[in-house]
Amino acid sequence: MLDLAIANLLSPIVLSFVLGMAAALARSDLSVPEAVAKGISIYLLFAIGFKGGASLASHGIDLTLGLSLGAGIILSFVLPLLAFSLLRVLSGMSRIDAAAVAGHYGSISIVTFVAATSVLSDAGVASESYMVAVAAAMEAPAILSALWLISRGSDNAEMNSDLWREILLNGSIVLLLGSFVIGMATGPEGLAKIESFIVSPFQGVLCIFLLDMGLIAGRGLRQANVLDRGAVVFGFVMPLLGASAGLLAALLVGLSTGGTMLLMTLSASASYIAVPAAMRVAVPQANPSIYLTLSLAVTFPFNLVLGLPIYLAVAQMLTGA
Amino acid sequence: MLDLAIANLLSPIVLSFVLGMAAALARSDLSVPEAVAKGISIYLLFAIGFKGGASLASHGIDLTLGLSLGAGIILSFVLPLLAFSLLRVLSGMSRIDAAAVAGHYGSISIVTFVAATSVLSDAGVASESYMVAVAAAMEAPAILSALWLISRGSDNAEMNSDLWREILLNGSIVLLLGSFVIGMATGPEGLAKIESFIVSPFQGVLCIFLLDMGLIAGRGLRQANVLDRGAVVFGFVMPLLGASAGLLAALLVGLSTGGTMLLMTLSASASYIAVPAAMRVAVPQANPSIYLTLSLAVTFPFNLVLGLPIYLAVAQMLTGA
Amino acid sequence: MLDLAIANLLSPIVLSFVLGMAAALARSDLSVPEAVAKGISIYLLFAIGFKGGASLASHGIDLTLGLSLGAGIILSFVLPLLAFSLLRVLSGMSRIDAAAVAGHYGSISIVTFVAATSVLSDAGVASESYMVAVAAAMEAPAILSALWLISRGSDNAEMNSDLWREILLNGSIVLLLGSFVIGMATGPEGLAKIESFIVSPFQGVLCIFLLDMGLIAGRGLRQANVLDRGAVVFGFVMPLLGASAGLLAALLVGLSTGGTMLLMTLSASASYIAVPAAMRVAVPQANPSIYLTLSLAVTFPFNLVLGLPIYLAVAQMLTGA
Amino acid sequence: MQKHEAKRVEIMIETVMLRRLTEALQSADVTGWSVLPVLGGSGRSGTWSREGQISRGTGMVQVVCLIRPEKLEPLLEAVYLVVERHIGVISVSDVKVLRAERF
Amino acid sequence: MQKHEAKRVEIMIETVMLRRLTEALQSADVTGWSVLPVLGGSGRSGTWSREGQISRGTGMVQVVCLIRPEKLEPLLEAVYLVVERHIGVISVSDVKVLRAERF
Amino acid sequence: MQKHEAKRVEIMIETVMLRRLTEALQSADVTGWSVLPVLGGSGRSGTWSREGQISRGTGMVQVVCLIRPEKLEPLLEAVYLVVERHIGVISVSDVKVLRAERF
């Protein structure tokens, strides 16, 4: 496992992230234009969705697909409750901030997922091709749990069909699922046509994206004073708890080693795109610095640098690969 | 031909467009940043121009080059008159709006052209390498015809040398012709140097671009109420008429199967970059929603999804390939 | 040498630059969005740094590394003094403008460096892999010399630790050195993972970037009336003097043919990113049009089109390759 | 040149709330506005910058709205309902406009 | 701090007309202006947004122009000739400026 | 709706000076501002446009600052120290704001 951790640390991907973080902490003016970062994230979502779909088309649908989707949705619903309780114990943050944070940890970070697939492909470990669909399914339920936690208190959250549409049809989900379906429809032939765009340069593009994530996380860290010590501890402990829950679910469902590692990663990761947007609309009184800093500047780096090799090692041990 | 249509429908390119369109119609917030879309269009123009030029350098100049350019220019001049008459019969839109729309249909859509080359390469059909030059030549003449149609009425259009320079030196034309010349000058050796940038990832990049075109077309469709029923009919019929005119010209000139299909496509397609800009300056009283919606949200999808396979099938039949 | 010059002139890279320049001079509206240009420059810096580092990892550190760094730093310190004296003789510009310009010519243009590596790789000439580090080291010292020249006069320049941090940690330096270190750490294995992103498409991406540089240089040329005749002469003569100084240093240090050519290029080139930013803060009274036009619209094109083949030919002659 | 009294309302609002704001404007019969991008800023809820964003959940825009003076109160009331619980600022100034028939 | 009376003219105009507008400003001896991007908006000719654009034929910018009061009329006349037949709005407000020698 | 007097300060400044400006604002106890991008412009030092830029050394931004009237002088003094030797313009206008507690 130490080997794995070191190999991970020395991958161009992780080092690019570290470079970005270091640059931000040193207050360099290095920055990736917003439009470019958004363009890259479109590329990554399209590529990962398409590859998943094309692979599903060639391998056929697995019986575990439905089970995995179900497991993912349940995890997304339940993890916020766990996160909320933990936060109430560890940190002095307000009830409403705790609920908002909890929502982020039930949902997922697609970039962490992408990095995990890249760790898997480096390690030569296969995974279920429909895991991208599971990722998409896990985005939204956590938001519901968070809003329920908030409405249980005296505070009220604004929630209506409009906001629901926004959440369920947010750009990332639509692109991920859409390209998954395109990949399924066009299959290996379709993949062959665009392989030299979405497969070969993938890791390199991911480096630039993680450089930017490092810059953002580093800038976030400079505002880390919004977090009390307990919150920081939460940011490291919660992904491990989430991963454990994901592991359990994966073993129950009977996922492969790669699938297990990916479900652990999804459960361990925290959202910083879909959930913050929903929270700003529904719960404006919750402080965005708290949830963004925690998920972007604490948990994301933790998962990327330490979490992923741990999850892979554990998955390999327990699925007997 | 049904096979061709289905193969086309199941290509990643068309499906990406459909995904974008669906996302926009469902009011997802998926969007491609303007700068990225512009960057991709620069890539596409550069790649297609360069490849055309490099191919011309290796195959030598064909006797039909001059004829084809001439045919393209004549088509661009004449098609607006056809379009205008048709519109006056079919739709109740004002004379000036009809003239403005007509100008768009005489000119060309370079993205439709790019998609056509990709359909050709999928089908393994060769085409004259100088067709990109024909495409460039067909951009501007239609504008002149539109302005003539307008000035014949009581309305007046502002036209001066300044605007002419803007039209003839608009970015797309300059880039397309410029990279065509570069490709010609550097030939196959030059192409070899940048092949892995402009050839292999081409189709994949085109997918992202068409995703964006789908988003834009879908948003446009939501404003389709500016169009009366006759205008919508025009948007489907005119490309078929244009393609027929292009077919005739191609047969007269003696183009290859691929060249015939491309000239049909050019004639069938409607501009949404150069001509709208010129119209806004010269004929501000014409309603941009009408011509943009028609060319982007009606005719472009029609050509992409149904037109291209039809044009290819017809070209194959009539050129005896 | 004539062969080399013609081969260089007919490379897609140089022709793309010429296209951009011609488009700008003809006042075409062709333009590359700022975000895209910035994205490409991040790509180029990352790629060139990474490749240098990875190559260093496989070839091992050369004894000349330290010497080359030292030589680069000394050149960067000394060249501004040469440039300043020359300017005072040739041009009537104010003392402070002359000092500001001098600072630009002591520093380096990383794009010229990138173009030089591409010329080398076309010619199949190897170079020391650590030359990117030398490039980074040569960015800042010249600024110090320029400020010293200014403070010697009656004018005063604002200089403080804040500005120093900004200069030394400017985005380009951090990215170049950072990716160099990443390349070193991950070595050839790391390179293999992202090769199809940073190696194969490199020249093609560079074409688009140089297209944009051509547009910018061309727009700059239209303002060339800020330069008197002597200043223009300086813009052509200074790179040759700089290259000679770089040649001398390279021979003393004992660099290879490629390394010699690169050090000549660095010495010959003038900054248009880091130094202008520093000058705007520290010496706002100096006219930015003068130094930007000289380095971007005069010296950069000169180096790209004529300088690079000359430097290579001379380096080949004098290093006996 | 003939000029007419008007009000210029400038609203800084979170991007996520923009659609809700423009719907409120329409409901108050305001049909003219322009949206400008904001790169960063500072306020009671701290300092932010576009560069430090990956989330759509933050970021702001400026909405400029030129209206006839008599439409000011209904506009402010409609807008207020949207921004009430949210961060952002609203300012109003007196301007003169040409082509009054447009407002 | 010493302040001077000035006028702030704000023009929303289609991007395709920008060069023509700045030429008109120069012809009216106005040498200072700034151009800001506009992301979207709404007016008599409907709602538009930068995101829905592929064409250079649409899209707007905001031109801000600070001038001495006495230059207002010539400026408005020059500008009016350009925008007359085009969509867009023009507003004028009173401001104070520092460093009056710059205007 | 309850409105309060305030001042709107609009500063056009070179991007390289932005951080120094916001530090000056903070030193003058101003905690609210917004930064907008500028695409191009013209002034005594000539015409420029974002498109013609590769250097970070040029390019401008617009800083908008809404403040209580009594904070105007300290603000202007602090700002002036930063922009004094630099290009750029500063204008001040009277506005009304909602939610005065925010300023």
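Per-chain residue numbering starts at 1, and chain names A, B, C, D, E and F are given in the order in which the chains are listed.
Note that a contact is a pair of C-beta atoms (placed from the backbone, for glycine too) under 8 Å apart; a residue touches a chain by one contact, two chains touch by 3 or more.
Worth saying up front: this structure is predicted, and the values here are computed from it rather than measured.
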Neighbours of subunit E that also touch subunit C are B, F
Treat touching chains as neighbours: how many steps, at the fewest, connect subunit C to subunit D? 2
Dist(centroid_CA(subunit A), centroid_CA(subunit C)) in Å evaluates to 40
Distance from subunit F to subunit E - Cα centre to Cα centre, in angstrom: 19
Distance from the mean Cα position of subunit E to that of subunit A, given in whole angstrom: 45
Contacts with 2+ other chains: residues of subunit F: 36-37, 49, 56, 93-94
Send over the residues of subunit A in touch with two or more other chains. 29, 31, 33-36, 39, 170-171, 196, 201
Looking at the whole structure, which two-chain pairs count as touching? A-B, A-C, A-D, B-C, B-E, C-F, D-E, D-F, E-F
How about subunit B: which of its residues touch subunit E in the complex? 31, 34, 37, 41, 158, 170-171, 212-213, 215-216, 219-220, 223, 272-273, 275-281, 284-285, 287-289, 292, 296
Under the stated contact criterion, what part of subunit A meets subunit B in this complex? 33-36, 38-39, 42-43, 46, 50, 165-166, 169-171, 174-175, 178-179, 181-182, 185-186, 190, 193-198, 201
So, in the complex, the side of subunit F touching subunit E is made of residues 10, 12, 36-44, 47, 49, 60, 62, 73, 76-77, 80, 89-94
Touching residues (chain side subunit E, partner subunit B) in the complex: 14, 16-17, 20, 45-46, 50-58, 85-87
List the residues on subunit F that touch subunit D in their complex, please. 1, 3, 6, 8, 22, 25, 31-37, 61, 64, 66, 93-99, 102
